[in-house]
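Okay, so chain A shows up in both of these, paired with chain B first and chain C after.
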Partner chain A sequence: MDDSSDNDSAAVEPAATAGPDVVLRMRGLRKEFDGVAAVADVDLDVHRGELFALLGGSGCGKSTLLRMLAGLETPTAGRVELDGTDITRIPPHLRPVNMMFQSYALFPHMTVADNVAFGLKQEKRSAEEIRARVDSLLDLVHMRSYASRKPHQLSGGQQQRVALARSLAKNPRLLLLDEPMAALDKKLRMQMQLEIVDIIEEVGVTCVMVTHDQDEAMSMAGRIAIMNAGKIMQIGAPAEVYEYPSCRFSAEFLGSVNLFDGIVTHSDGATVQLSSQGLETPLRVVSAMELSDGAQVTVAVRPEKITVAAEPPPGGFNVAHGCVEDLAYLGSHTVYHVRLDGGAKVLAQDVNMRHVGERRFTWNDPVYLHWQAASGVVLPA
Partner chain B sequence: MVRGWARWLIIGVPLLWLFCFFLLPFLIVFKISFAEALIAVPPYSALFEMVDGVPRLKFDFYNYQFLFGDRLYAFAYLNSLKIAFVATLLCLLIGYPLAWAIAHAAPQNRGLWLTLIVLPSWTSFLIRVYAWIGILKSNGLINNLLLATGIIDAPLRLLRTDLAVYIGIVYTYLPFMVLPLYANIVKLDRSLVEAAQDLGAKPLTVLRSVIVPLTLTGIVTGCMLVFIPAVGEFIIPELLGGPDTLMIGKVLWQEFFNNRDWPIAASVAVLMMLLLIVPIAVFYRNQSRELEIGS
Partner chain C sequence: MSARMRGLVLAAALVFLYLPMLLLIIYSFNESRLVTVWSGWSVKWYGELLRDQQMIGAIWMSLRIAFLAATAALVLGVLAGVALTRVGAFRGKALLGTMITAPLVIPEVITGLSLLLLFVALGQLIGWPAQRGMLTIWIAHVTFCTAYVTLIVAGRLSEFDHSIEEAAMDLGATPLRTFFQVTLPVISPALIAAWLLAFTLSLDDLVIASFVTGPGASTLPIVVFSSVRLGVSPKINALATILIVVVMAGVLTSLWLMRRYRRRQQLI
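Coming up: the complex of A and B.
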């Protein structure tokens, strides 16, 4: 995990092969169902020891991609390499890859210990060895005392721990997690996210997970690939993908975002200045992009980076004026829906540092919105 | 209170039905098996005698002694069990892949396949068995076809053999095997099969350690639904079997209609019932286990 996260953060393309140690390599990987591409020519490298998340909405192809890694789906075209060996056509039972299934897929007729031992028994190991390995795995997931229970006697979180132990039993070179938290309730989810990451790091296994939940991807993964319509839209560390979306889709998919369309009036390799309809002042964004004057671009600004003020802020850039149309009190923070004088709607998020009785703004209050030049991101058209 | 009353009515009607038309006749048959055969109407000695106005039951074990004394009966019982067992096994071997294929067909086609499985049952059972006579006899469909293509010179003896009986039983009872298997297989979580593969299980291991145990209730139900009636099967061995195809159902018929020995026939029936208690108990336990799992 360490070697991957401190790469230069500007790199948005898959890292060059010279750098990190690539365990899993996908090239031109494609899967069609009845002529429709579920996964469309994906190139992806996964580094040794990292927890990599495939993030996307339902039907974006992330699960199909994962199933191809497990061997449960045969690619229509392309190649999967694990440690330099082509495993594209190797059946699932011969791959050094194990998967934790979404519904856990624990064998209901076997005890916890037998479930964990199942993979080991296929390797013709001695009973002694299997028992020792099962015990140490159950210790790892804190389920030793439940060894003789049946899966239906366990809670959701306990079932997940057993499923994790089972998928780690054979020391896979690649661990796959399919929507690991989907079957858990929200409170348990946070706890299990941390626990699973701890266990995976302790074991040191390379891991690819699939999720539709951005919080889950951001809190668990070292790197994230955002998928849409069978293609990978952006790859990067969570902060990188969130702070520097490379396209409209990943900007809108992760969290909420305000998008301002504008026309470039000045660009010098350090900042870009734009004029945008409906804003009080020109837009200014810190960006190394060299853009020609008059180019149509979009600027993305996250709601939490926008400050709400009653007085016009100084500076003369990135200022908008409007009135509070709606507000959502979410406990830790309040989201203001501000209708700009120009008609556009902007979300601004304010941390509730004081008690709610002292809320600064309420419905129909006129407000000024402002953000730093470093807070925006230019999205290429 | 109305609820309690209504509940008793709902349970009571089928219970009364079973009592009148199953338990009572069986008790009568049971008692006849301890009576003596007479040339009279009805052809057996009185079931009880009135002694000082009190009915007194008399049990005569002669019929059972006779059954145990004659090896024909023991042979008929064993042969019935053997034929039923082999036929059940054949049904399972044919029925399981069939049920599996239907359960994994496209959902919109499954109904069609199941209908096709059940469709022959819409014709009379007797007519279907007669149809097999037409297929199997010396100048029947199969023999004519083989003779015409020159594969054989003389017709094969197919009808009036044990083979014909097996064909008849497997053909007739296959739906009873396929339907419970289908109901079980269709519920099997596919990810369990995938998980087993993922953990390194070879195809046969997946079958043995995951698929079979998880569809075991369907297997047991199907086997019992074929085995239990097959043991007592009469029409199929009578119409398709040879003179040496000895099955207990046929013996029962002969004792009853040909020999008009009701007490012997009744004791044959009682013994058959006892013989089937084991499989019926297995069936019952299996059903209640399935209910438990389902709940």
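Coming up: the complex of A and C.
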């Protein structure tokens, strides 16, 4: 509970291991509701000072996982360690963990200052100390001039700042954000995302957030865990997870993707060559995976990695031919829906560097699609 | 239905409901000794009322019982409301939820009679209560007032955003502190409304009180009812007017508090 002594012990601890400094460790964490697993045996490490996002659709178990970290749900099995201490069974009011709730959960009968001071008052600190801390927190979130307002007199963005200040008040060792942007309108979201990240970085607190919005996760978090059906599908930096999905689910969950099923014809530890039904040429993908010939795999290619051309491109791989079935002009770029001769449908994204009047292709135009060997990713079947 | 028709129907309903009371209020300012004969404006019956020691004693008794009954019912009702909405599943929860509201639908005569039987049996078995009076009326009133308070409190708690209480615990407040520093203050308008309602109900009750009362413990409705049987004095009109004003004030205040609370909740 005492913050100063924690910092001391952290400094004394030898940083002997070369690996990242793990603050939060979950092992075999499981939560069942009426016999159905909402979170199924999750192992996860969160590093000191990082902003970690749990990303997944509704009902994937991400909120339950977060609530177990806060102590608001008791795990059915497994362990949660914070700085090496087992906190699995510690009730929420004794954990050095604070949470910003989705609805903000500000106390409606208290002023902004009293809301922020609430946690400090529970620790029986002196009045001057509390006042100084509240002032500095309200400065941090630019809400000092609203200190004596009640929550219902604030806008959504202002309520969020107060909620953030309140959850940072006790210098938590771990900050939890539950769908931080869900209650804000779209325009405010972008601004608050950047602002919250700035504040969290300034404070230097380790943070775990939960979101269903991939843009939010990618723009705010240092690392992302994609969750599905109570399990973690993939963990990595945003670019890593997007560019190198490790499974079909994370490839399809983040952005849009074209999937080609193929049979391995050649694999040498640097590239993999496959034959795929309905494509003119073989597929070639840069991959260190050692695959035996004849293995069934899937290749994922993002639409923006595919170029659209009228003439057959040189090379003799990763080429597809088809007809523009549909196109969506989105201002900055155009998405072509191309029906391949083999019947499959492929999305290709073309950046609009010219004006629309000079658009290269229109409905029913025959086109060639091509991509680099380094652009595809082999997904294990 | 046209706007005019609606207005007419509303007026008819209001007249039907409130004309008798309005007449009573007007007649409380009647100068005549005869209740039904109008002979001019006067406030003399209010003066007569204040000089009637029996009446004043009954008012005082009723106010004390109502205050104590409403307070005890508030405590019990809050506990029951919390048990029904916050404690999670426990054995007999559905039973408690149904049984706690039973006093609302059981005829007062039956409640009164059963309580009388209970008090008599208890008096014979353990010698307590030795005789019926203010204490037994208070106990009887607490039983049915608790039902109303529970309904109001449980209703308020179930629409209350639970994450506010979770936030308090997350910030280091123990469950007990959370209850006193967050839950109770947030639902306080509902608590005041429930207390006022219980107070009014206790003040109004005649049937149950007349079953469980004893020597020397006459509440206001009992005194009024028995004096009316001997012949209506214009004093009663004056008293009734005061009662109507007090009860209406209580009900309107509790309605206003509930509505203001609801509007505030919506703003958040």
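Some notes on this structure:
Criterion: the second predicted complex is superposed on the first by the 363 of 381 C-alpha atoms of A that agree within 3 Å, B and C clash if a C-alpha of one lies under 4 Å from a C-alpha of the other, contacts with A are read in each partner's own complex, and residues count from 1 in each chain.
The criterion applied here is as follows: a contact is a pair of C-beta atoms (placed from the backbone, for glycine too) under 8 Å apart; a residue touches a chain by one contact, two chains touch by 3 or more.
Values in this document were obtained by computation on a predicted structure and should not be read as measured data.
After alignment on the shared chain A, the placement of chain B and chain C results in a clash.
Contacts of A:Ser103 after superposition on the shared chain: both chain B and chain C are touched. Judged by the touch definition given at the top, the superposed model places A:Arg27 against neither chain B nor chain C.
Contacts of A:Arg48 after superposition: neither chain B nor chain C is touched. In the overlay built on the shared chain, the residue A:His212 is in contact with neither chain B nor chain C. Legend: residue contacts after superposition of the two complexes on their common chain; A:Arg166 is shown touching both chain B and chain C.
Of the two partner chains placed by superposition, A:Lys231 touches none, neither chain B nor chain C. Residues 70-72, 91-94, 97-99, 101-103, 105-109, 118-119, 122-123, 166-167, 169-170 of chain A are contacted both by chain B in one complex and by chain C in the other. Across the interface of their complex, chain C is touched by residues 70-72, 91-95, 97-99, 101-103, 105-109, 118-119, 122-123, 151-152, 166-167, 169-170 of chain A.
Of all the residues in chain B, the ones that touch chain A in their complex are 189, 191-192, 194-202, 205, 209-210, 213-214. Partner chain B is touched in their complex by these residues of chain A: 70-72, 91-94, 97-99, 101-103, 105-109, 118-119, 122-123, 166-167, 169-170. Against chain A, the residues of chain C that register as touching in their complex are 161, 163-164, 166-175, 177-178, 181-182, 185-186, 188, 264-265, 267-268.
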